[in-house]
Amino acid sequence: MNGMNRRQFFKVSAAMLSGSSMAALGLAPQTALAEVRQYKLARMTETRNTCPYCSVGCGILMYGLGDGAKNAKATIVHIEGDADHPVNRGTLCPKGASLIDFIHSPNRLKQPQYRAPGSDKWQTISWDEALDRIAALMKADRDANFVEKTEGKTVNRWLTTGMLAASASSNETAYLTHKIVRSLGMLAFDNQARV
Amino acid sequence: MALQSLDIKRRSATTSPTPSVREPSVGAVAKLIDVSKCIGCKACQTACMEWNDLRDEVGTNVGVYDNPADLTEHSWTVMRFAEYETPQGDLEWLIRKDGCMHCEDPGCLKACPSPGAIVQYANGIVDFHQEHCIGCGYCVTGCPFNVPRISKKDHKAYKCTLCSDRVAVGQEPACVKTCPTGAIEFGTKEVMTEHAQARIADLKSRGYANAGLYDPAGVGGTHVMYVLHHADQPTLYSGLPKDPQISPAVSLWKGVAKPLSMAAMALAALVGFFHYMRVGPAETSEEDERNAEKEVSHE
Amino acid sequence: MSETARPRTLPRYSASERSNHWVVAITFILLALSGLAFYHPAFFFLSHLLGGGYWARVLHPYIGVVFFVCFALLALRLARHNAWEAKDAQWLKQFPDVLANREERLPEVGRYNALQKLLFYVLVLSAVGLFLSGIGLWREWFAFSVGTVRLAAVVHALCAFVAITSIIVHIYAAIWVKGSVRAMTRGDVTWGWAWRHHRAWFRQMVKGANK
Amino acid sequence: MTNHWVDIKNADIILIMGGNAAEAHPCGFKWVTEAKAHRGAKLIVVDPRFTRSASVADVYAPIRTGTDIVFLGGVIRYLLEKDQIQHEYVRNYTDLSFIVREDFSFENGLFSGYNPEKRRYDKSSWDYERGEDGYVKTDPTLQHPRCVYQLMKQHYARYTPEMVERVCGTPQAKFLQICEMLASTAPANRVATILYALGWAQHSIGAQIIRTAAMMQLLLGNIGMPGGGINALRGHSNIQGLTDLGLMSNLLPGYLTLPNEAEQELPQYLAARTLKPLRPNQMSYWQNYPKFFVSLMKAWWGKAATAENNWAYDYLPKLDKPYDLLQVIELMAQGKMNGYICQGFNPLAAAPNKAKVLEGLAKLKYLVVMDPLATETSEFWRNAGESNPVDPSKIQTEVFRLPTTCFAEEDGSLVNSGRWLQWHWKGAEPPGEARSDIEIMAELFLRIRERYRREGGVFPDPILDLAWPYVNAARPTPEELAKEYSGKALVDLPDAKDPTKIVRRAGEQLAGFAELRDDGSTACGCWIFAGCWGPNGNLMARRDNSDPTGIGQTLGWAWAWPANRRILYNRASADLQGRPFDPQRKLIYWNGRAWTGADVPDFKADEPPDSGMGPFIMNPEGVARFFARAGMAEGPFPEHYEPFETPLGYNPLHPNTPAATSNPAARVFARDLADMGKVEEFPHVATTYRLTEHFHYWTKHVLLNNIVQPEQFVEIGEALAKELGITNGQQVKVSSKRGYIKAVALVTKRIRPLTIEGKTVHQVGIPIHWGFTGLTKPGFLANTLTPSVGDGNIQTPEFKSFLVKVEKA
């Protein structure tokens, strides 16, 4: 700074006036330095993923607790945009920027649950119980209602059980789901493309 | 160098000089908010809360898109939505990201009585250090933009740090990184000012004759600047002050009044001292006692 | 009057008045010191008297309430003695005589002299100012607009400045006029002190006492 | 999207209509901002509401919801009238010169062949006239009265600016300004793009609206161009992938279709889909249908699919009618369904007419919900007060709720709107006992198969024979599945030109769909994805973001279907000599020997540009179609029909033909028709939509999103609020024939009353997002109000236009 304008001059004078007025008395506040908050991501594990919401398909970086060592159990603690991604270039919308609260939502389901006919509450059941019971119900319905032929035509369809597939599940999930559903002869099969 | 991880330019309530030899060769940093690109998506709000580990209350809707309705100790930035009908009868939805402006001449720092509770780094960021904050709220009175908020929980003052922790390691603030449309950008103040000129030229070409940069001189300029389509009427943007200044009351109180009143009080004491030295005490003598006795006995 | 006899005394402040005064005095000192800590960085160390900046900020207003209530009581008790009289103006006109200890030239003074009365008025006004502006600044319980708070801060500082300066004068006067302090420590003053400094009051008191 | 997100930056004019990209796709919308900032592009927004997109637009025009065909038809009329069309493009790359059959007609709002009882058309007259050589007759002079150009001109002559103003409520001046801006892209070196979404799709005439837009883009020569195209901004992260993989009632992976019950024999099925060229020397890529189909059957049934059993053709169920979501809900409500599985889908909130869905679910014997979150569907039986007033004791449905992983807890790929398959990696373990959908589906299937193996049952063959080549049968890995749908050689594949050479060894991954065969020697679960996991590994995981030409073509980033092509129909970006129409934005060009450039050519790589082969290689014509032939349910040219709940009660274009009031070819169930309201009782026009702070019904479980948008509201214009005495922030009740919701009134200048046919029409905006589970303030499911009627072609429900009544709560 070569020159000092009038305003700065007054500012500096005022500072000197107030400082010096008491500095003479030997009174000065204690040294008070402070540092910025520690950068919290320094050694976390970075995992690349894709935002699960809309179809822009933004790249995200998930930061997991721990450096990947076997004894450290990863928990995602922060998510931000992937700056390398050609579409979002590091940006995220209010939904993508809040993904951390999706992963850790108190409404995440943690155990298989069952609601009995007429009941007004959930009960926790085991995976084995749940899957066995569903398999039994499906087979019983299929065996009872499968249509092999109608008016002499082979149709091999099962119409009394239907399925809605997710619209945010992976291609791999979708592919396997489709393969299984058609092998059962199911036709009442749709996804969220329409709504 | 003791603790700080960014060079400090100014500290609140500190009379001794701050180490000031180091100056960033590229000048200070700035965040540029291009209101004409902003779609009010609030990604900056959630990214801010996410990065800074803040969660505000789930509030209510009072008939506007503004949520949370105002800045709080948990919401260091909020979007303010204003519906404006132009004289031509067209509608404009003016959406402004509100938050700390990081004034070059920060009123909060000036008003703060607690040493080191508010600092200004050499890069221009004005940061609150809550461990030094005593919760008096003077920063609130000092701020021309009504930004700092005092927590009901710990009675300390909070506001945007411009993600000083990210900037310190060379990253941009969380809101800047996340902004989907690039309405928030970050760089040196010089680069941001230049970039703003290009944006203003574009806006002028699209019919916004009064487009301009908001970098108010009344507070020495700011390290958060706006590109406005109607720079001549900043108050259209949910009351952005036209010519913000530190309140004269605060300037008086935390400015010249401070040394003058100190001097006056010291003077009062000194006058007494010298009076005593020169004139001496007003003593009651034996004679006064006798006179008193005499007066009584005469009656 | 015998050589050995102690000077005869007159009661000036009752024990209750004295207690009241000292509560006011102590709270005022605490308020002044913690207030100065917020006012000027050089005095920030004073905040440690109340446990550091944070606690000083928390306690200052509560102490302020105690101060204000006690001050109000004291002021009510003393108000009737502080009525302004014509001779007070004359007394003030001759202030150089006051400063030079030439009391014999001055009009006779009642219980309080003109300066004491002025001090009383000034302190009453600044206490009210401090109290009201203090409310304005007390975020823990009250929320006012930023403009109001800004004004309150300036008023508070101004009233505090006036009050502290007045108290400096008040304290100096007590030191300067020997024999005054005991009025507030033991409650009485000697006849001679009263005769010299507050002759009208003395006469009034002894008249009453002898009858 | 025909193009992709980054490519939007190459546009000169951007039209956002039938969507709200800034609100629903903010990070993709960034490329609109880039186009504005770096190309000086102009943004046009046409929407019933002044939206967040409108807030940064150069021009905004209001429109009555559901009248987009009138608006776009008006633009088509303007372009034809002013001859603002890309002549070289339309003459060579479209069917403008094709001659239509003589028996085709359009009268009183209906096309030839209408059967009012069946609400269906006999489409035989909707076709081109063939010559003796079997090819379509054309008139390159465009003078023939029945050439597509003349018919189209005649059809849209009625769509005048006056008509637009009268029907859409759009002021003529604004409409003409927009026409002018769009017309400015007719020159070869200027391009417009269209960004739309469910704002077009969710109408009973949705598909036809989109078609009108595509026609406009063709006239301007904007399809296939960088910065052009017609871009559907898909909603969910993998809705594109699920559609590509054919998870719909009538589809198989890769847009192959399930057989109808009439198609009893495989040859018959294949013949109907193996399209022969309609003009000389056209590629007609669907000629390869048998290769795709047989490879799929080999992937699914492996050794059990043989030439002898017609590649297990009988294992596929045969359709008698579509079983889309609306049909299934109808069946449920009729008590004809017993079981339902919802995998990450919340139909109680997402399907129209909540009361009907609720009734349907309550009639099921069992419901299985797989989801990471507690959805309303899984708790449809719970009494949530006014917003879900049910009696649990009366609902006999057994409900299973299975916790699943979310994105952060699994590997896999998703297809974005630009058709990019992007691989992602797991970052943490799921909470509690949650499992991935793959594990759940596999376990369930294995248990069912085990029961059939053990107990037998009806037609167990397709179940027992299903190929299950996974190392750990209960846990197929995403890698195994990706390789399976990408495709591999089953035997050593000899080179077609030189049989002594082997192109692929048995078991090797295939490089692309060109390697597929119809003799059972290849297996590929989804032909359009073929090559995504090729001989060189997982191309979906690629992360080279270099863009050597600067026009946003990052061919080394992930992998796009088909064949890593980023812009569809890109051959159309070059002229008849193979030179790019715009030398500044070179996409592909003919270098004398082959097509090359910044993209993978959407064309035969070594076909000279002047050979007469058209750029639209999937069409048997080789060119793009203005005349849809039998492709659409309502007619070959889009015509405006009113929403089923119309504020007018008649079609202003055909006021005297009641049959043409609303879509004459839409399927409507009697019960749903009875549930339609009339304007006399429900005088306000409503539309539903998303807000940028929320994502459907997921983010109400996400605290941060609830903080920034906490409570349900409806948007009401100032004029209507004044009329009804409603003040901002007050509670209001919004009812339709099907139910009511209560919410906070957000009174705004952004919705203005429109004058339609001389009368004032008020529109009301109803954001979705709220319900009776979640962390937001509880609210009502917005689909309580919506009507259950779908688009005539694809059954997308009419969520964007229906009638309500607003009153103080």
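Descriptive notes on the structure:
Chains here go by letter, A, B, C and D, matching the order in which they are written, and residues are numbered from 1 within each.
We take it that contacts are C-beta pairs under 8 Å (C-beta built on N, C-alpha and C of every residue); 3 or more make two chains touch, one makes a residue touch a chain.
For each chain, UniProt lists the protein as follows: B = Formate dehydrogenase subunit beta; C = Formate dehydrogenase subunit gamma.
Remember, predicted model here, so these are calculated numbers, not experimental data.
Among the remaining chains, those touching subunit B as well as subunit D are A. Overall, the chain located most centrally, as judged by its C-alpha mean against the mean of all protein C-alpha atoms, is A. Contact count check for A-B and A-D (C-beta pairs in contact): higher for A-D.
Once the centre of each chain is set as its mean CA position, subunit A and subunit B turn out to be 35 Å apart. Chain geometry summary: the mean Cα position of subunit A and that of subunit D are 25 Å apart. If you average the CA atoms of subunit C and of subunit D, the two centres end up 84 Å from each other. Annotation: 39 Å between the Cα-based centres of subunit B and subunit C. In subunit B, the positions touching at least two other chains are 13-15, 41-43, 45-46, 50, 114-115, 132, 180, 182, 258, 262.
Residue positions of subunit C with contacts to 2 or more other chains are 40-42, 44.
In subunit A, the residues touching two or more other chains are 18, 21-23, 28-30, 81, 88, 91-94, 96-98, 100-101. Those residues of subunit B lying in contact with subunit A across their complex are 2-6, 8, 11, 13-16, 41-43, 45-47, 50-51, 105, 114-117, 119, 127, 129, 131-132, 161, 164-169, 174, 177-180, 182, 255-256, 258-259, 262-263.
On the subunit B side of its complex with subunit C, the touching residues are 13-15, 113-115, 132-138, 140-141, 143, 146, 150, 155, 247, 249-250, 252-253, 257-258, 261-262, 264-265, 268-269, 272, 275-276, 279-293, 295-296, 299. Note for the complex: subunit A touches subunit B at residues 11, 14, 17-19, 21-23, 28-40, 78-81, 83, 88, 90-94, 96-98, 100-101.
Residue ranges on subunit C touching subunit B, taken from their complex, read 1, 7-8, 37-42, 44, 47, 52-54, 56-58, 99-101, 103, 137, 139-140, 146-147, 149-151, 153-154, 157-158, 161, 164-165, 168-169, 172, 175-179, 190-197, 202-203, 206-207, 210. If you check the complex, the residues on subunit D that touch subunit B are 22-23, 26-27, 29-30, 33-34, 36-37, 40, 50, 52-56, 58, 60, 692-693, 703-713, 727-730, 744-750, 775-777.
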